[in-house]
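The two complexes that follow have chain A in common; it is paired with chain B in the first and with chain C in the second.
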Partner chain A sequence: MILPGLINYWVVVFLMMSGFYVVMSTGNLVKKMVGLTLFQTSVFIFYITMGKVAGGTAPILAAPGTSYSNPLPHVLILTAIVVGIATTAVGMALIIRIKEAYGTIEDDEIQAAEQS
Partner chain B sequence: MLEMTDLVDLALLLFLAVLAITIAKQRNLFVVVIVMGFYSLVSAALFTVLDAVDVAFTEAAVGAGISTVIMLATLLMVGTEEKTPSQPRILPLLAVVVTGAFLVFGTLDMPHYGDPQAPIHQHVAPRYIEVSGDEIGVPNIVTSVLASYRGYDTLGETVVIFTAGVAVLMLMGQALRFRQRDGDA
Partner chain C sequence: MELINQHLPILQIVVPLIAAPLCIILRRRQLVWVFAVVVTWACLAMAGGLMLQVLSQGPISYHLGGWEPPWGIEYRVDAVNAFILILVSLIGAVVLLYAPASIEAELPEARASLFYTAYLLCFTGLLGMTITGDAFNVFVFLEVSSLSTYALIAMGTDRRALAASFQYLIMGTIGATFFVIGIGLLYMMTGTLNMADMAIRLQPVLATRTVLAAFAFLTVGLSLKLALFPLHLWLPNAYAYAPSVVTSFIAATATKVSVYVFLRFFYGIFGREYAFDTLHLEYFLVPLGLLGVFVASTVAVFQSNLKRLLAYSSIAQVGYMVVGIGLVSVTGLTATLVHLFNHAVMKGALFLALGCIVMRLGTVELGELRGIGKRMPVTMAAFVFGGLSLIGVPLTVGFISKWYLVSAALERGWWPVAVLVLLGSLLAVAYIWKVVETAYFHEPEGKTADATEAPLTLLLPTWILIGATLYFGATATFTAGLARAGAEALMGGLAP
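Take a look at the complex of A and B:
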């Protein structure tokens, strides 16, 4: 296998970095959360890519001698997905609370409101 | 040697890259959230290609479903337009390019995609694959590891979800009280 080699990892790095860029470049809190989710999902793809075995199949027991992909990253990422949605929910609740208190979700406007 | 699934894998990755750029460029938050849901769905398809079927349906249900619903519900309360940024965005771009370059450098000595000799496949995974059928009696190895070998991890996960649920209820309860007080005034 020549072509896929490391390309998967490089695309994942690109995806991670676009999430990172969204987090840094915007002042809007909802879009920051979307950027974090983007980063997070890219990390999931990274782990699952590492667990893939060429010629393997999904890790559900079949006939003896079948080759399986590594089940361990799958377990870790299942946990991470569920924890991710929990943190997203808390973040969104905080954003709603900030909107109630300051009337805006742009971080520079929140800072201006703090100083006045 | 390039197999059909590798082509699907590369096509889906390319699709994800396009969606990520769309999210970064788009200013309307409604569109951003919907494209993010689509990104989750495409990544679920990619997980299926990479043999992670359990992860795929969790991502499709939780990432593309519940997450999108939560974000849309938030948008309902906070509005959907992002303010145009006043400061130039050269610095974040520079930071991202430098970090990305380091990460790519870090991947250079990683085992190649699908390599059965990679260190990750040599440690505990062979044991799970060989004996979990006899020890746990569940054909799905991911379920065996999640619910039995690493059951305490999963218990910790449910504690995290419980804590998050309590936190959301406390925050939202306060927000609703504010709204009622404003209504009375």
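Take a look at the complex of A and C:
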């Protein structure tokens, strides 16, 4: 059965595309950030999945001969999570200042405010 | 001294990285500025030292923490990135000389030390992307530079700077995430993150669909970061509403470093045979590059805000670089690399000149700049020289770039490309002439009537870059020689 083995990848693609779609389709800046976070998070799952060794445990010190998952993707994703948090923080900070400057966080209303 | 020489590759990154938070601690604006200037000029000296080492001893491989590659992170300096390091630190150092007077006019006092922190972080990120030999490390530094760029852009006085910064944040993050997906897929197939090791291990598995997917993700992700048409939408507003200093710095360096990473991945890791002989990336790059030149230049002709005009011109100039990449020859890559340097110098100078105008008039709307050439002759002369270089007039650096690009196109037998490159230059004549006509052939009126020349602290850095534009336009042996050495290294690929 192929599906159980690849189910994580299907989930990753589904989350990735959902997030991407939200970023593109919504005009609300906070919702855009939600979509963007979802999009980034799917990549975390992708990395963790590919580091999984069948039957392996978590890569923590254990008896010799124990099979464990590849720890490198975990470390990379730890870095990527920090990057993701920083991006969300900067994005949210910008949204607060946009709200102060324009009085709205809707993309089309901001556009309209600039046209007039 | 020996110890410093040995550790130059890491010092290049660590010095500005540590200096950035120190700027917050120092607080006093003048003090922070002096400190940041010392740091950036020290970085320039280090980049020069690295270049000398590369030229005399060949590529340098520096192992972080003493861990051998491919297990540890390797910083690898060769002819290509030593050249980019010099470029980034040169622009960073010169633009910083210009910063205090300009940010005093454009930023609230409280933000000054934060400005220098973000600036140094952005500087670190760009240098890091250039120097590292580790694929994931590129992503980390890419985000370091991007996040600080968003903060820098948002410091613009106009509220549109905030919207522009947010738009850039969304598109930049999507680009960076695509990039990291591509690296993940490559890691799946090779089990390594070291670029040189990856290039070797990728060869047997090139035919797999996973590598093809990685290729696609990296192409789109990097094209977004380097603002290849039609993925350039974040750029015009970001450049137009950022503070002048920031615009000069990022316009001159950020997209250039992305072009370098693009070269590194497609020529270095995937290799020329796979990327161009098998997948024919050139049929994607050359048309989009040329389309970018024409569409962006045409849009530039109709802009009334000069910063936006130059931003669109930047998209067009990136188009030329991408065409050079797509010509797949030593001459084509020389054209790209030499244009990286040349465009950085001239566009940096042009945006600095606009910063002088912003300082005196508070606007760069073309309609309010009538007769400015008579009131600010030194500034406008700099603009005209920079503009001539954008067009590609002989004795300016722009000519050198166009010369290599046209000869590369003819070498490949693609004469229509050569013709289109030259036609693209005519559009540059149109948008530069529009400015010259307004500045010189009208009597000063309104705001320009009582404008005075910009202070020397602004004019000097502007003219340093204009001087470089003219000097390297007259004697291109230095830049073109380095670019050719880099191009030959790239054509060889990373895999032995």
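Just so we're on the same page, the second predicted complex is superposed on the first by the 113 of 116 C-alpha atoms of A that agree within 3 Å, B and C clash if a C-alpha of one lies under 4 Å from a C-alpha of the other, contacts with A are read in each partner's own complex, and residues count from 1 in each chain.
We take it that contacts are C-beta pairs under 8 Å (C-beta built on N, C-alpha and C of every residue); 3 or more make two chains touch, one makes a residue touch a chain.
Every value quoted in this text rests on a predicted model; they were computed, and no experiment measured them.
When both complexes are overlaid on chain A, the residue A:Ala63 reaches neither chain B nor chain C.
Using the contact criterion defined above for the overlaid structures, shared-chain residue A:Pro71 touches chain B, although it does not reach chain C.
After overlaying the two complexes on the shared chain, residue contacts for A:Tyr21 are found with chain B alone; chain C is out of touch. Measured by the number of chain A residues touched, the leading partner among chain B and chain C is B. In the superposition on chain A, A:Tyr102 makes contact with chain C only, not with chain B. Once chain A of one complex is fitted onto chain A of the other, the partner contacts of A:Leu36 are limited to chain C, with no touch recorded for chain B. Overlap of the chain B and chain C interfaces on chain A: residues 20, 50, 72-73, 79, 83, 86-87, 90, 94-95, 97, 101. On the chain A side of its complex with chain B, the touching residues are 1-22, 24-28, 30-31, 33-35, 37-38, 41, 44-45, 48-61, 67-75, 77-79, 81-90, 92-97, 99-101, 105-106, 108-109. Contact residues on chain A toward chain C in their complex (touch as defined above): 20, 23, 29, 32, 36, 39-40, 43, 46-47, 50, 72-73, 76, 79-80, 83, 86-87, 90-91, 94-95, 97-98, 101-102, 110, 114.
Residue ranges of chain B in contact with chain A, taken from their complex: 1-3, 6, 9-10, 13-14, 16-17, 20-21, 23-24, 29, 32-33, 36, 39-40, 43, 46-47, 50-55, 58-59, 62-63, 66-67, 70-71, 73-75, 77-79, 82-83, 85-86, 89, 91-93, 95-97, 99-100, 103-104, 107-108, 110, 112-116, 118, 120-121, 124-125, 128-129, 132-133, 139-142, 145-146, 150, 153-154, 157, 160-161, 163-165, 167-168, 171-172, 174-175, 178-179.
On the chain C side of its complex with chain A, the touching residues are 136, 139-140, 143, 147, 150-151, 154, 159-160, 162-163, 165-166, 169-170, 173-174, 177, 180-181, 184, 187-188, 193.
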